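Note that chain A is present in both complexes that follow, paired respectively with chain B and with chain C.
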Partner chain A sequence: MAAVAGDNHRLRLVVRYMVLTLIAIIFIFPLVFMVMSSLKPDQQLLSDTGSLRAFLPVGDLSFDNYRDAFARAPVGLFVFNSMLVTGVTVVLSLLICSLAAFSFVFLNWTGKGVVLSIILATLIVPFETIAIPLLLIASQLPWIGAEGLTFGWLNTYRIQIVPFIADGLTIYLFVQYFKDLPAELIEASRVEGATWLQIYRRVVMPLSGPVLATAAILKFLVMYNQYLWPLIVVQQESYRPVMVGLQYFFQLNIAWGEVMAYLSLITLPVLAFYLVLQRAFIASIASTGVKG
Partner chain B sequence: MNHLKLTAGALTLSTMLASPLLAQTELTMWYHGAGNEVESNIINQIVSDFNASQSDWSVSLESFPQGAYNDSVVAAALAGNLPDILDVDGPVMPNWAWAGYMQPLPLDESLIEDFLPGPKGYWDGELYSIGLWDAAVALVTRQSTLDALGLRTPTLEEPWTGEEFMAALDAAKASGDYEYAFDLGMAWTGEWYPYAFSPFLQSFGGDIVDRSTYLTAEGALNGDAALEFGEWWQSLFAEGYAPGTSQDPADRDNGFVEGKYAFSWNGNWAALNALNAHDDTLFLPAPDFGNGPKIGAASWQFGVSGTSEHPDGAAAFIEFALQDQYLADFSNGIGLIPATASSAQMTENYADGGPMAVFFELTEAQALVRPVTPGYVVAAKVFEKALADIANGADVADTLDAAVDEIDNDIEANSGYGHN
Partner chain C sequence: MAKGTKLTQSNRAGWAFAIPGFGLMVMFIILPFVFAIALSFTNQRLISPNPTQFVGLANYQQLLGVGMITLESERDDIGAIVFDDDGEAQFPRLRGYTRNNPDYPRIDGMREWFSWGNDESRTYVLARDVVFMKAIVNTVLFVIVVAPVQAGLALCLALLINQRLRGINVYRAIYFMPVVVSIVVVSLLWRFIYDGNDGLLNNLLSGLTFGAFEGRDWLGNPATALPSIMAMSIWQAVGFHMVIWLSGLQTISPTLYEAADIEGASKWQSFRYVTWPGLRNTAVLILIVITMQAFALFAQIDVMTNGGPLDSTQTIVFQAVERGYGKQDISGGSAISVILFVIVLTISLIQRYLTREKN
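Let's turn to the complex of A and B:
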């Protein structure tokens, strides 16, 4: 009887792993295709697409496409620009949005329900509908820098960062998470004389690992994939991000190998960021246990 | 005293050296060639040569990838951030001129008398832009194919009639040697459709809009000639002559070279690839469907932005760029048709007897610019969708009527786009 139960358990395990492996393959095959294609000359790449060879490191393999991609476009500059804009925006967004959410959840002030509703309402407004008005505003904004007072933020990093620091979705994520934190912790801290900023910094944020990781990943993806906004506010190559840079590879005769090499290169930071935060995400859940 | 003399001398010398630079007024220029190393090198060379050739103007160049260029210009126009010198795709120019993104180009028109008609960008009776090259489409095949199918070789003087062309497709289809008789390049979308396919419509006697007024597409896009064209167009796919909208882009790029298609409708930019693969490649004129053989014309051109305060400087640069040597450089570099016969003689491919010289002759003989109206940018998209729908089996008359309505509504919504 025990042997039968053991066999059933093993069978279930095998089936489960087979299903999980299949799902993993479905998710990972596009990446494998991209990387393998980046190593093949165009003629072979195109002829392999109809068979399993497209996913295998077979045929005439080389790093020529990578060399050519770097020759065609300043790939390093584009990745740097995107990483800078994305990194700064993510950090500032986590700070500003969590502070806003903290205010909405824990502080009492008149009209906060209405303000929160207005912020949440922005979730249903597509960015494309406000892009042009935003562009008109951005082109007139003042700035004090090395050249004194100037007007217009076009062709800068800040124009790619500032409009995206605060957004309804990130605030909503923090609000929902903060609402589930034990009220006793906040009350105890207040009783012991902690200021609101101290509570934010020393009580709430240390317990917010999961939502920080989630919000960071979502924000990172949105910012790293920005196309329309930098397209219309950045006219100088020195500020262009990776997605606009992708257009460098779509000439009359598209060199697909170079496209795949470029995509492989710009995907690396995304994968690395996700893997790092995935660990933080799991660790946060395992360590906080606030609901226990 | 010696120190004083030395200082005065140094100041004088530095002032003399600096004065030409200080006198130069900076002009900004945008170009669509980022990502194309050869093209970028040539335009950079022209800018560099111009800046060194005189002391009044200094051009600074910013390159954009082509796919992002038009949107960037429109956004910059809204933000009041246009450069002095723009390059613009020929059929888009009237829209940008009408919208105020461009101003007339103050160029002595005697300088462009010898230019092919396609590169000259006229709108509302004024020159707004001028191109250094043109592009042309031909019916690509092989001499061995014509011989095997027993077909005569059409010439500019005596192109195939519509009947002869369909007989050629029938022969290719009946031979069983090809996956399809005719490759139209349906895998390419966007501007390819109106550029490459509206000449067929025009050869039938129709058009995208009525060019006599530019106020309607009624009659032009849904009249008898257009209906005849639409039925013919649909038959190409329904009867298996040509791959449809689901054509694999890889087949578009390599299908003819690999022998999958007997005939291919393709541009001069793809000609060298075909010639390298088969030395008996032929570039034949468009067939005549009753109203004369037609091919598209007009490619990228230079012009002055509507906000430039230095149109004379911008024109000076453009005039400088029109030298035969630069026209030839672009042609040798990226394979396009040089805008003048004299510059064609300086090229490897378009000189008399050159492997692609026929494209220059095709452009001279058959080219027709796309409708010269600001509404073209919308009409082109409507036309593209209509042709794709018809290729996919939609009712020809209904589809063309709907396209006419959409184009007319757009013209009306924009108060006729300046046409009265």
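Let's turn to the complex of A and C:
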């Protein structure tokens, strides 16, 4: 930047920060509104929307809405369900997709090219276009469990987990990352007599921190925010995730304070998680684009 | 990669490592996709006592059937046009042609979608499923507006964030924040913003115009409902694409900018001749990603409008879910899914073609 006269420079700096801040307000105000409203009684919440008070912690503040939200719906259960489904899917997805990518990058086998092309081709199939036939398949899949052989996966955890373990994007991310690892390292281990599983576990995985973080974050966001799929495959309360659990708050008289408390409850942990790992989150989104 | 050497050749291990992932994808992505196509030619329901039958193209004809008819206005005995009390020319009732009229078998069972004309004659465009037609138009409209606007705004934000300023990372973190919030949560919050009585947007606009702006029910009005959802969707996702632009910007070598500086290029020129060519691949990627995401529009509709008012926010996926799940009409929902896929595929092929590398 060329040096400009002091005052002029300072003025431009102030303008820049003002623009940046104004835009920041646009992005943040609904979230501030959500948190502030969750602390207010319904009547005050609704009357405050008429002024800037909507964004300020003023008036009669309490955690009553949170208490009432827990009383109205099994909030703890919904959060547990979401955490379980998300956690299990993320772990299994990292394992299964990295194994597949390992095979595509480091091993040579008949049919590899075809299989990889099919996997990458699924990237242009939006999930929404397969949801309805998948619903039919899910209603008839077999399962061997405590009650012996049963058919139908509706109203279970597994129907929320298994279809999302393997996906084209995650495999693609691992493939791209593995391609940049030094091939000599793998060959050297091979010469020393290591099995493929040992190379995967002891050589490749320890070097894969960044891509594991990326894949985990992307999967986490997708899974925690699932809406359409659990909406159509889970009717029983005991397996519902947080986003579908929202329906409990939309009965005849909507208690907006409780809605806001529930929204804050399911959103703030993710936001906190994001703010702590901010760099990793942003890097993970960025990495989906670099090699497009 | 050491291709074909003995060291890496291993059919057994290769398949063993790949099969869990590939198997799951065949089972839960490829098979349902094939099913969608197959089921769309049947009358399959989620639960039905009757066996499934092959019905050919019936589902598609039901969804996509359109027709046209031009009618002459009613004349009285001396041949003058008949006007009603509102001064509108009178036309024969459409029903006379679309209900069991043996002379017009092609438009049997259709309803009016839209029409145009003058006092003497009027042309009616008819559709067998008017709601689905509206869903297609709304979805395409949504994509046509959201894709370029969101990509453009995201680029502006990326350029803004890509400067060296103290604390710039804080701003970047904030702009990205809505991306990590569920679209369901966002849609609910924005219902407050768009509320017709005391919504935040009405209050803001009336404050800015010193009370001159009269509040309106943004989501309750067919003219503003879809644009309101577009604006909110852009707000939610723009940070995502800002980050992708940003990573594209950072791959451009600083020496190119220095060279442009030395040549005395203006800011616009250095954007036009250095930045923009460097962002080519990023631009293609972003456009395809946004287009695909925009076509999948569902949660916003489900939470905010349920397709209303007057079907002004019906979308393709919303219709697919309403049929396939709501009415348990798997075959109808599958046919809609196939139509959606064909549209997405066509558009991404067109985008690829238009943005291809010209050698």
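Basically, the second predicted complex is superposed on the first by the 229 of 292 C-alpha atoms of A that agree within 3 Å, B and C clash if a C-alpha of one lies under 4 Å from a C-alpha of the other, contacts with A are read in each partner's own complex, and residues count from 1 in each chain.
Methods note: a residue touches a chain if its C-beta (ideal position, glycine included) is under 8 Å from a C-beta of that chain, and two chains touch if they have at least 3 such contacts.
Note that this is a predicted model, so its numbers are computed, not measured.
Contact with neither chain B nor chain C is seen for A:194 once the two complexes are overlaid on the shared chain.
Contacts of A:46 after superposition: both chain B and chain C are touched. Once the two complexes are laid over each other on the shared chain, residue contacts for A:203 go to neither chain B nor chain C. By the document's definition of touching, both partners, chain B and chain C, reach A:232. In the superposed three-chain model, the partner touching more residues of chain A is C, compared with the other of chain B and chain C.
Of the two partner chains, neither chain B nor chain C is touched by A:185.
Contact with chain C, but none with chain B, is seen for A:224 once the two complexes are overlaid on the shared chain. Residue contacts after overlaying the shared chain place A:77 against neither chain B nor chain C.
By the touch criterion defined above, A:88 lies against neither chain B nor chain C after alignment on the C-alpha atoms of chain A.
By the touch criterion defined above, A:96 reaches chain C but does not reach chain B.
On chain A, the surface patch touched by chain B in one complex and by chain C in the other comprises residues 46-47, 49, 132, 135-136, 139, 231-232. In the complex of the two chains, the chain A residues touching chain B come out as 43, 46-47, 49, 71-73, 132, 135-136, 138-139, 152, 154, 231-233, 235-237, 244-245, 247-254.
Across the complex, chain A is touched by residues 1-5, 7-11, 13-18, 20-25, 28-33, 35-36, 39, 44, 46-47, 157, 160, 163, 165, 168-169, 171-186, 188-190, 192-193, 195, 198-200, 203, 235, 239-240, 243-244, 246-248, 251, 281-282, 284-286, 292, 295-296, 298-299, 302, 317, 320-321, 323-325, 330, 333-334, 336-338, 340-341, 344-345, 348 of chain C. By the touch criterion stated above, chain B contacts chain A in their complex at residues 30, 34-37, 62-68, 71-72, 75-76, 78-81, 249-250, 253-254, 269-270, 273.
On the side of chain A, the complex with chain C involves touching residues 13, 16-17, 19-21, 23-24, 26-28, 30-31, 33-34, 46-47, 49-51, 54, 96-97, 99-100, 102-112, 115, 118-119, 122, 124-137, 139, 162-168, 171, 179, 183, 186-187, 190-191, 196, 200, 221, 224-225, 227-228, 231-232, 243, 246, 259, 263, 266-267, 270-271, 274-275, 278, 281-282, 285-290, 292.
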